[in-house]
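Next come the structures, one after another.
In what comes next, chain A is part of two complexes: it sits with chain B in the first one and with chain C in the second one.
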Partner chain A sequence: MVRRYLRLLTVQLKASGLQALQYRADFFTDGFTSLCWVFTALAPLFVVYSSRPEVEGWSFGEALLVVGWFTLLQGILEGAINPSLTGVVEHIRKGTLDFVLLKPADAQFLVSTQRFLPWRAFNVLTGLGLFIYAFLLLGRGPSPLGLLTSLLLLGTSTVLLYSLWILTVSAAFFVVRVDNLTYLFTSIFDFARWPSSVFKGVAKGALTLVFTYVIPLALMTTFPAEAMLGRLPALSLVGAVVGSAAFAWVARRVWIRSIGHYTSASS
Partner chain B sequence: MNARGLLRALPTMLRVSFAESVAYRAEMFVWVLSTTMPLVNMVLWMAVAKSAPVGNFGQADFVGYFLATFAVRQLTSAWAAWLINWEVKQGTLAMRLLRPISPLWGYASDNVAGFPMRVVVALPVVLLSIALVGADKAVPQHAWQWGLFLVAVLGGWAITFLANVAIGALSLFLDSSQKMMEVWMVLFFVCSGYMYPVEFLPEGLRTVIDWLPFRYQMGLPVELMTNAHDLPTALGLVARQWAWVLGMGALAVGLWKQGVKRFAAFGG
Partner chain C sequence: MISVHGLRKHYKVHKRPPGLKAALRSLFHRTYTSVKAVDGISFDIRPGERVGFLGPNGAGKTTTLKVLSGLLHPSEGEVRVDGHVPRLREEAFLKKIMLVMGQKQQLLWDLPPAETFELNRAIYDVPTLQYKQTLDELVGLLEIGDLIGKPTRQLSLGERMKCELAAALIHRPRVLFLDEPTIGLDVSMQATMRTFIKDYNEKYGATLILTSHYMDDVAALCPRVIVIDKGLLSYDGSLEALVQRVRPEKRVVLRLSEVVDASRLESLGKLVTHEAGTAVLQVKQDAVNATISRALSGLPVTDLTVENAPLEEVMSELFAENKARRLQAAESVPA
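Let's look at the complex of A and B:
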């Protein structure tokens, strides 16, 4: 069973890889635009930290780590999650999801792996570059344990992102015109670019609650950055792992319920 | 097509575009919700200003500034570049070219007719801003300020729209100019005052930005809305803005005229 799905995954990856190789120049154009967008994430930080050495307990180097995680996850989102799931919306609207449902494999697996954009992985490289720069500024390296925890959190963050995406896409079964819902999702993700403690002062901490429990953006970027710095409480780590597992479970349930609502549009 | 024919056609075109914007109101609402960038930056700056004000800006000033940014963004946004890219690629630009009126008027009327719906969205935000920080930090105080603000919003929209047309027209030379539009957007984000008031930038950089178009797309209307300038400064800045409108207009029309000659209607 697992081997069959692994084989399917390699097939899907190979198809996307071949397609990407046809457009090799995209590596440079995507890379260039990725660097440009990173600059927009950094520009406010430069301006902020030119007037203050520290904001809500985060120095420039530490805040840079959060931006690094934001960029890295954006790469995962745009390279591995977004392209497939935008395809699902298209399938639902045109009614071609029939062909996916007919295949003898899990539909969620098939739609989630149908398309990858490997060149977008450039964002991941940029994120790694930011980590190195940040630790150079901090004048020390991450602890091995911290690095290990942050790798674990990379896993949970990816699961969270993916689950949130599945939830968004499930909405497409009910309201068909959601191609810009995907855009909405990306712009809400923008809130993850600052350390989550900056939200403390807004609306008496209500925003912090929202971004920790409802849309767990804080878990995705701030937690791994704190883990790298070796100051993430163990309880938060457990919370992140349990929370992301719960989110994934809910997303799976919702997907199964929603797919029951699918009415082939064209035929 | 002469000016009289244009004047006769425009009301109808605007009516059609307005009906379209009403029909797709849910979609527009989602677009509005996805304008999170001013809010993302508002919370950051509020946290920064919590202990002490930054320059002339306290927490309340930041709230006023970024809510104004949100409202101005609604009123000055344009998306013609993406539309032109799409229509060139699909070949459907041919349908527009068949009409006895320049497609540019069609794109403009699509944009302008969305205004009433966008005002409906911007207004509650402005009211919220007045309720949160008081009228003197949220809206213009004198008649001349209102007048200049409206001129600046119109100018800001015009620069945005014409830049969109110019970059969109490049797709006729380059097959696709979407990446170029992305680069433009990045420059806009960084230089326009969309993410932070431009006065926080170092002196040298600000002189450069004063000569670039981006600040006049967003920063200037927002500054006029939050009463940052006295009359002579404001007049000078608005004059520069309109110089950019003229320059960008000439560039856009020139590129478009040269580009359309190359249009080959693939796929259409």
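Let's look at the complex of A and C:
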């Protein structure tokens, strides 16, 4: 079973790689776009920290770790999650989801692995580069435990991001056009470039609560950065693991229910 | 192989009158109506049978095919395909069937069809040797050797359709659902597709359900037809018997060496067409022999054939009959 799905993933990855190479101009444009994304992620940080040494207890070097996580996850989102799942919306609109549902394999797996953008791996590498630069600025390295915890959190963050996307595209089974929802999601994800405590002063801390429990951006970037710095409370780690598992479970249930609502476009 | 009993598929559809006021009102108060796409049909299909699904647009043909392939859940009724309940979408069931839709495609648009074949091989878990054999066979029969390496977007509609068919058959399905597979194809490509589908059915004993608006497809492939109209089954039987029932008269086609007055032809039977040295007469079946001998003895006939009425005419007459019956039934219901 696992071997079969791994082989399927390999074939889907190969097809995505071939698609990326199919158009030469697109291939280079995508690479250039990835580079620009990194600079847009860093620019606001430089602006804010040019006039103050720290924000809500986060020094520039520490905040850079959060941006590193943001860049890395953005690479995963834009490269591995977003292309496939926005394809689902198109499938539903055109009725070609029929072909996915007719295949003897898990439909969620098939739609989630149908498209990858290999160039977005550049963001992931840049994220890693930012970690190194941040620790150089901080004049120390992460503890082995901190590194291990942050690796675990990389898994939970990816699961969270993926689950949130599944929930978003599941709406397409009911409302057909979810472009606005996906734009909204991408815009909200942008907040994840900041340590979650910077939102403490907004609406009496309500925004921090929202970004921790409702749309758990804090779990995705702030928690892993804190883990790297060795200051993440154990309870938060447990919360991140349980929270991501809960989100994945809910997303799976919603997806299965949504498929039942699929009416297929007429011929 | 396929059994359908009392199948109903009803959709709840939001309905509102035109205009801005109605649109605003519908934001808060929506009215729904139930559309009966399929309204209680039953039939059984034996293994290896080739059956044509016929009916006007919106009759419920595609809905029935989608229920049979597990894409849509029936509102009521019992459906089984080779012992499986389609809506459960069990892997064993999905490995036995295929659905080709002439208006939708599964081939990866930017990549050559060979990549879609490879993907389907992995999805259907086809053993390497069987995959190679099947692919060689499909490539040979469909003559797509030069095409499978070109990006799909560069292929013509006919070439794409042949590759679509190959992609859907990589796993050697036992039940084929074909929804308008020849739509938009030129005459020779349609003929190629028909020959291929028939050969596949005969070689592998696959069961086949076909919907098509091209009556030539149905005549060439389906000894049995099921006619659905407004979600109801209006005929199930042999194509030949359907023609006999709706249009029992035969067509006598005469090729004439010189111009003949229409009144002379009308004395032989009902004149359907008369142009450029060809006359088509409609005569009752028991009068065919007499008409032929009178024509041969009294007219300058160079060639003569006896045919059934064109299937298109038979079908439109059947649909018109059904419509008239529905109207009559509606009028007889007391207000």
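Keep this in mind: the second predicted complex is superposed on the first by the 254 of 267 C-alpha atoms of A that agree within 3 Å, B and C clash if a C-alpha of one lies under 4 Å from a C-alpha of the other, contacts with A are read in each partner's own complex, and residues count from 1 in each chain.
Here, contacts are C-beta pairs under 8 Å (C-beta built on N, C-alpha and C of every residue); 3 or more make two chains touch, one makes a residue touch a chain.
Everything numeric in this text was worked out from a predicted model, so none of it was measured.
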Item to complete: Give one of first, second, both or neither to describe whether A:37 is in contact with chain B, with chain C, with both, or with none.
Response: first
Item to complete: Answer with first, second, both or neither: which of chain B and chain C does A:136 touch in the superposed model?
Response: neither
Practice prompt. Applying the touch criterion given at the start, work out whether A:7 contacts chain B, chain C, both or neither, answering first, second, both or neither.
Written response: second
Worksheet item: Of the two partner chains, chain B (first) and chain C (second), which one does A:238 touch, if any: first, second, both, or neither?
Response: neither
Practice prompt. In the overlay, answer first, second, both or neither for which of chain B and chain C A:188 touches.
Written response: first
Worksheet item: Does chain A have more residues touched by chain B or by chain C?
Response: B
Discussion item. By the touch definition at the top of the document, which applies to A:55: first (chain B), second (chain C), both, or neither?
Written reply: first
Fill in: Residues of chain A contacting chain B in one complex and chain C in the other
none
Worksheet entry | Residue ranges of chain A touching chain C (in the complex, touch as defined) | 4, 7-8, 11-12, 15, 18-19, 22-23, 94-96, 98-99, 101-105, 110, 260, 262-264, 266-267
Practice prompt. Flag every residue of chain C that touches chain A in the complex, lowest number first.
Written response: 11, 62, 66, 69-73, 89, 91-92, 94-95, 97-99, 101-106, 108, 110-111, 115, 118-120, 122-125, 151, 179-180
Worksheet, complete the sentence: Residue positions on chain A within touch of chain B in the complex are 29, 32-33, 36-37, 39-40, 43-44, 47-48, 50-52, 55-56, 177, 180-181, 183-184, 186-188, 190-191, 193-194, 197-202, 207
Worksheet item: Mind pulling up the chain B residues that touch chain A in the complex?
Response: 26-27, 30-31, 33-37, 40-41, 43-48, 50, 54-55, 179, 182-183, 186, 189-190, 195-196, 200-202
